[in-house]
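Before anything else, here's the structure in question.
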Amino acid sequence: MEMQKLTYLEFQKFVSEAPIAILPIGAVEAHGPHLPIGTDNYLAERLSNKVAEKIDALVMPTFSYGQVWSLRNVDGSINVSNKHLIGILTDIGKSLYKSGIRYFIIINTHVGNTNAIKEAARNLYDLYEDLKVLYFIYPGTEKIIEEVRESKPIPGGYFHACEIETSYMLYLAPEYVKMDKALDDFPDLPEDFHYTPTPWEKITDTIVLGKATLATKEKGKKIIDVAVETIVKVIKNVQRQQRRDQND
Amino acid sequence: MEMQKLTYLEFQKFVSEAPIAILPIGAVEAHGPHLPIGTDNYLAERLSNKVAEKIDALVMPTFSYGQVWSLRNVDGSINVSNKHLIGILTDIGKSLYKSGIRYFIIINTHVGNTNAIKEAARNLYDLYEDLKVLYFIYPGTEKIIEEVRESKPIPGGYFHACEIETSYMLYLAPEYVKMDKALDDFPDLPEDFHYTPTPWEKITDTIVLGKATLATKEKGKKIIDVAVETIVKVIKNVQRQQRRDQND
Amino acid sequence: MEMQKLTYLEFQKFVSEAPIAILPIGAVEAHGPHLPIGTDNYLAERLSNKVAEKIDALVMPTFSYGQVWSLRNVDGSINVSNKHLIGILTDIGKSLYKSGIRYFIIINTHVGNTNAIKEAARNLYDLYEDLKVLYFIYPGTEKIIEEVRESKPIPGGYFHACEIETSYMLYLAPEYVKMDKALDDFPDLPEDFHYTPTPWEKITDTIVLGKATLATKEKGKKIIDVAVETIVKVIKNVQRQQRRDQND
Amino acid sequence: MEMQKLTYLEFQKFVSEAPIAILPIGAVEAHGPHLPIGTDNYLAERLSNKVAEKIDALVMPTFSYGQVWSLRNVDGSINVSNKHLIGILTDIGKSLYKSGIRYFIIINTHVGNTNAIKEAARNLYDLYEDLKVLYFIYPGTEKIIEEVRESKPIPGGYFHACEIETSYMLYLAPEYVKMDKALDDFPDLPEDFHYTPTPWEKITDTIVLGKATLATKEKGKKIIDVAVETIVKVIKNVQRQQRRDQND
Amino acid sequence: MEMQKLTYLEFQKFVSEAPIAILPIGAVEAHGPHLPIGTDNYLAERLSNKVAEKIDALVMPTFSYGQVWSLRNVDGSINVSNKHLIGILTDIGKSLYKSGIRYFIIINTHVGNTNAIKEAARNLYDLYEDLKVLYFIYPGTEKIIEEVRESKPIPGGYFHACEIETSYMLYLAPEYVKMDKALDDFPDLPEDFHYTPTPWEKITDTIVLGKATLATKEKGKKIIDVAVETIVKVIKNVQRQQRRDQND
Amino acid sequence: MEMQKLTYLEFQKFVSEAPIAILPIGAVEAHGPHLPIGTDNYLAERLSNKVAEKIDALVMPTFSYGQVWSLRNVDGSINVSNKHLIGILTDIGKSLYKSGIRYFIIINTHVGNTNAIKEAARNLYDLYEDLKVLYFIYPGTEKIIEEVRESKPIPGGYFHACEIETSYMLYLAPEYVKMDKALDDFPDLPEDFHYTPTPWEKITDTIVLGKATLATKEKGKKIIDVAVETIVKVIKNVQRQQRRDQND
């Protein structure tokens, strides 16, 4: 259910029965010549909708501005600092709690947001005993990714506008993909890449980290289905556990 | 043009010709029994699109979380603090500038955001000599509003889920309006209302400040058309002026 | 009663009977060739004293440093940032509360301070249930100003060192006015003036926004009397209301 | 010369010849039964005026709100935090510099402000090579104090509403002193007083730390005269030195 | 070379030849019944010394206070917030740069510090073009760990007071290990462990996450040797690269 | 007892009997040609150990990074800002309290840290009623210093790498002293030295403020013994007092 189309009275009613809010969060960021700069936002939003099809929950308006340090110097990227992102996510959590929400689900598709989300979740943890904040970034997909991928992964687990992410888009938001522009690029990472701040314009001219040409809708579907399943399962188990705890 | 559906290369090309970005900013906020809590976001987004139809500009993803102090205690409202809002809007402006944008147009529909936007604009003013930040909240509409409105205004110029705002929605986002739930409510403002912090749950049970039942699509169209016109005119004149200045 | 001339024991006694403190707040700011840069401070202080003549209250030392963004580049202006102003006003309110004050009246004469004062008042609202913060900037004077003014207003309601403000000074602090230097200046505001940060040195060379030569003591008295009356009335009604609430 | 009574044009003229601004800074703080809570403010203001009689300089409006941690729990004290005080003093210094001031003299009478002033001065030192910030708190008076005082000092050099400070008031602001209420109180300081945060309500009921009854105008004059002299001498020598440096 | 035992003149001389500083950073944190709470500090310090044996570099005093959110509720843990840790590490980097250091090597042994270190490194990256910040946490050891470990890893890569870390201690700081207290504990991680803030007192009573009893000095040596080698190699290559860049 | 060598179980046991933690805090700072830049750290650590010999207490890992404004421009000095130092010391205090510590003893050897420590102590004072924070910087040594010193003191009480501090090192950390490099330097302090920010590179080329050549181990011992005694006495009396208070 799209949260913002409800009136506040409908919101109240929904929350009294299912106090779950899902925040899709992505970023505006350069994603190679074949993917839109809103890739992460489209993915976060549609992934959230898929989850909300299987579980009674309110899908919030997408938070479309993320921490994009690595690609901040490439045109079309918008970067917000961890500090402000932490602050605003914490604020949002406080309001949700006040409004009756007890499960704040953050569905993130942009690695750069991870630390800010974790810190905001910890802030909220300290504030409210009975608010559960869950944050996900394609959870449970390690195995299925290994199965479907044909190209080898970039060392360090980075992926960007590659076989995998392009497949996600082909599945979830194909209307924005220009497969004829897709290309393959395996940048030579400098030896210190994992040990020092390295803007990505130093390692890639194409803003692609992998073999985008290998992407297919089927691969995307396989992985995304697992992610959705994992998210749904975790939420349901957490709810079950909470109910058990309350009955004790 | 929707910004986030462009690839970064298309973004570059567009910006090299028309370095204008429009940020719609609203809020999630209770809006009476007949309007959705996303009212301000729908309005900001669609108003921005109307402007972008008349001027070459990129419409950014809506910033959907605003400063909602007055209604923060009513379920369905999400409130973010001025401090973090200022920070994140400043961050966004920095990235836009780095990406080549020279006109950062903020189309706001939520009064609570005004101060934060102004402060962020001043921050950016101090940083970049050649970035023009323009912020609008239904500009140039005082006269037309006076003409079309049938109910008397609330003292102090407040309006919320009333004849005027409901008319905007009937024009710009009618699919989310439930006119059968619309009602009229003229709260008795306490004498110190304008002089002391007053959460709105103390002045209204309905979260309507005016006569929503008088709203019509036609009224909405008349006012919004003026707002769009004003915004377009100001932007065009500013561009003309800048060009003149550069030629001098 | 001037607060700072009391001993702490006299302070305690006074507050136990009348827990009201008035903070005059103005700014140091360029005010044309005929008004002193302390204009706002003189006005705030003397307006506060007039209020204190009609109501038992302690007038605090004037807070003489305000947010002066618009004129910060003109010599003789002193600008403090919103952030620090909010912080210090909140601190002051905390101490007043601890000292027994239950009505914290902020009498402001400088528009630039408005946002900071409002934010500080909200901070205090969240901290103390039984502290009433009231902030005023010439309240209730719209009608009387319209009656007495002979010059037309600047669009947007700006006024500065003009017919109105100079009249205030002629009434409240005539010894600092040099009417022989008074002049008239109606700057042509650029079309985007209300929509973009615009330092006032770009719109005026004289630092006068209106017809200072039309100022008279009588006009000043008429308006200021209404402001004083309004402030006194609001405070008294608030006190009456609080007493009623406590008796319930 | 009182800064705020000048027009901005007179300010400009003055500063072009004598770019010196003096900021008196004190505090609102309980000062025993015989001294007003504005003691530090009166002293700062009048001491500043005495300095300005001997040197061409602009005396700014008194900054009347200081860091009053030790007495913050005693009614009539107003405490602002170091953080905000540092911020606002730095802001003020920035504006003064922009306005042409090159000597920013801070005349402080309240020990609690010392750290904030020092930190603000260091901030300004890092910003402007050619701004001299000088801060004084009764400088050069150690010897004369030892000569005139009849009571023994409190260990640790604390003095408050005592023989010395009361003498200052008898000289500089006698109209606010109630010598018939003066009393003597030598609190037994706990052994850990200098090593742990200790609010003064734990060490004194009278808010007097010494023998106020021994105060005389003559003692005050002797000490204050030395303080004035020292301040004037330091400023003059600094100016001389700067001129020498510029001629080199 | 221990940095702090040098005089400033010796420091200058050393840096002019080898502008490399190594900061060991760990934490005080509960580490099971057999390891000291200073485990991370001992490891960071001795690992740093091993690196400094192979490369001319100054080893700075250990920064012994880290971000210990997960174990902050267990006695003997000291937790500092990311915000302050980021601030202080950035400050340290600024001073090192001013002192001539051009390679700031951060040898970290506590996962909780990772984000703060990364953010500080990015701050410094933005400030200084020619300062290289390198941060390491047992780099290059994935393969060798897999080879030597006999117990299976905890899902998610967590390790704490386990076979691996205890082996490090047996190799680097055996005098602090009480192997007779070592124990094995494979906590059942709750399903949402990786998706929600989870203090570790909820998952373990022993504060051991693995099989500490399997630890041996030999295992420790094998892994640590690889870590040292990796660090040394990366530093040397970076230096070589910088020299090449400068010659171009 | 060295805190960090304990396991968390040993820590718990110790604290249940003696809830006292000592934090040595110094700085890395240039100290003339004869003393190491870690002088303050060595002194803080060893002074703390001496105290811990006489009183059951845990000596924490030395906090080696202090506020070094005055010498921050001299190579080998590391300066951290008050703001971050205050933050991190407050964090440490919070964790200690949570771990059962009720006496947090800060043994400081670097004057630049004084303000930050005081502010952190005040923060903790406001948080915990039953946490005693005591901070010491060579307490009780005024008299003995006067007795043993042969050189005259620098006006204003500054001392640095001089007869006194070098004597401390000769007693507490002689292995790091190079007496053959010791020298005497009495800088001519500029007249405004105490009244304006003055980096010490402007007053000394040697980074010695006094007669280092007069230093002896005996002098050091005499003074340090008094400092240790004073610290021990204050702690014991405070404990006695607390016990009395609890029995009342």
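Note that the chains take the letters A, B, C, D, E and F in the order they are written out, and that residue 1 is the start of every chain.
The working rule: a residue touches a chain if its C-beta (ideal position, glycine included) is under 8 Å from a C-beta of that chain, and two chains touch if they have at least 3 such contacts.
Source: prediction; values computed, not measured.
Between chain A and chain D, the least number of touching-chain steps is 3.
Traced through touching neighbours, the fewest hops from chain A to chain E number 1.
Both chain D and chain E are touched by F. The interface holding more C-beta pairs in contact, when D-F is weighed against E-F, is E-F. Our note on geometry: chain A versus chain F, Cα centroid distance of 49 Å, whole angstroms. Chain C and chain D have centres, each the mean of its CA atoms, that are 27 Å apart.
For the pair chain B and chain F, the distance between C-alpha centroids works out to 56 Å.
Looking at chain B, one finds that residues 83 touch two or more other chains.
Shown here, the protein chains touch around one cycle, each chain meeting exactly two partners. Going from chain C to chain D and on round the loop of contacts, you meet the chains as C, D, F, E, A, B. Contact residues on chain C toward chain D in their complex (touch as defined above): 2-9, 11-12, 15, 28, 30-38, 41-42, 60-65, 68, 72-81, 83-85, 87-88, 91-92, 94-96, 98-100, 176, 178, 181, 207. On the chain C side of its complex with chain B, the touching residues are 69, 82-83, 115, 118-119, 121-122, 125, 132-136, 139, 190-192, 194-197, 233-234, 237-238, 241.
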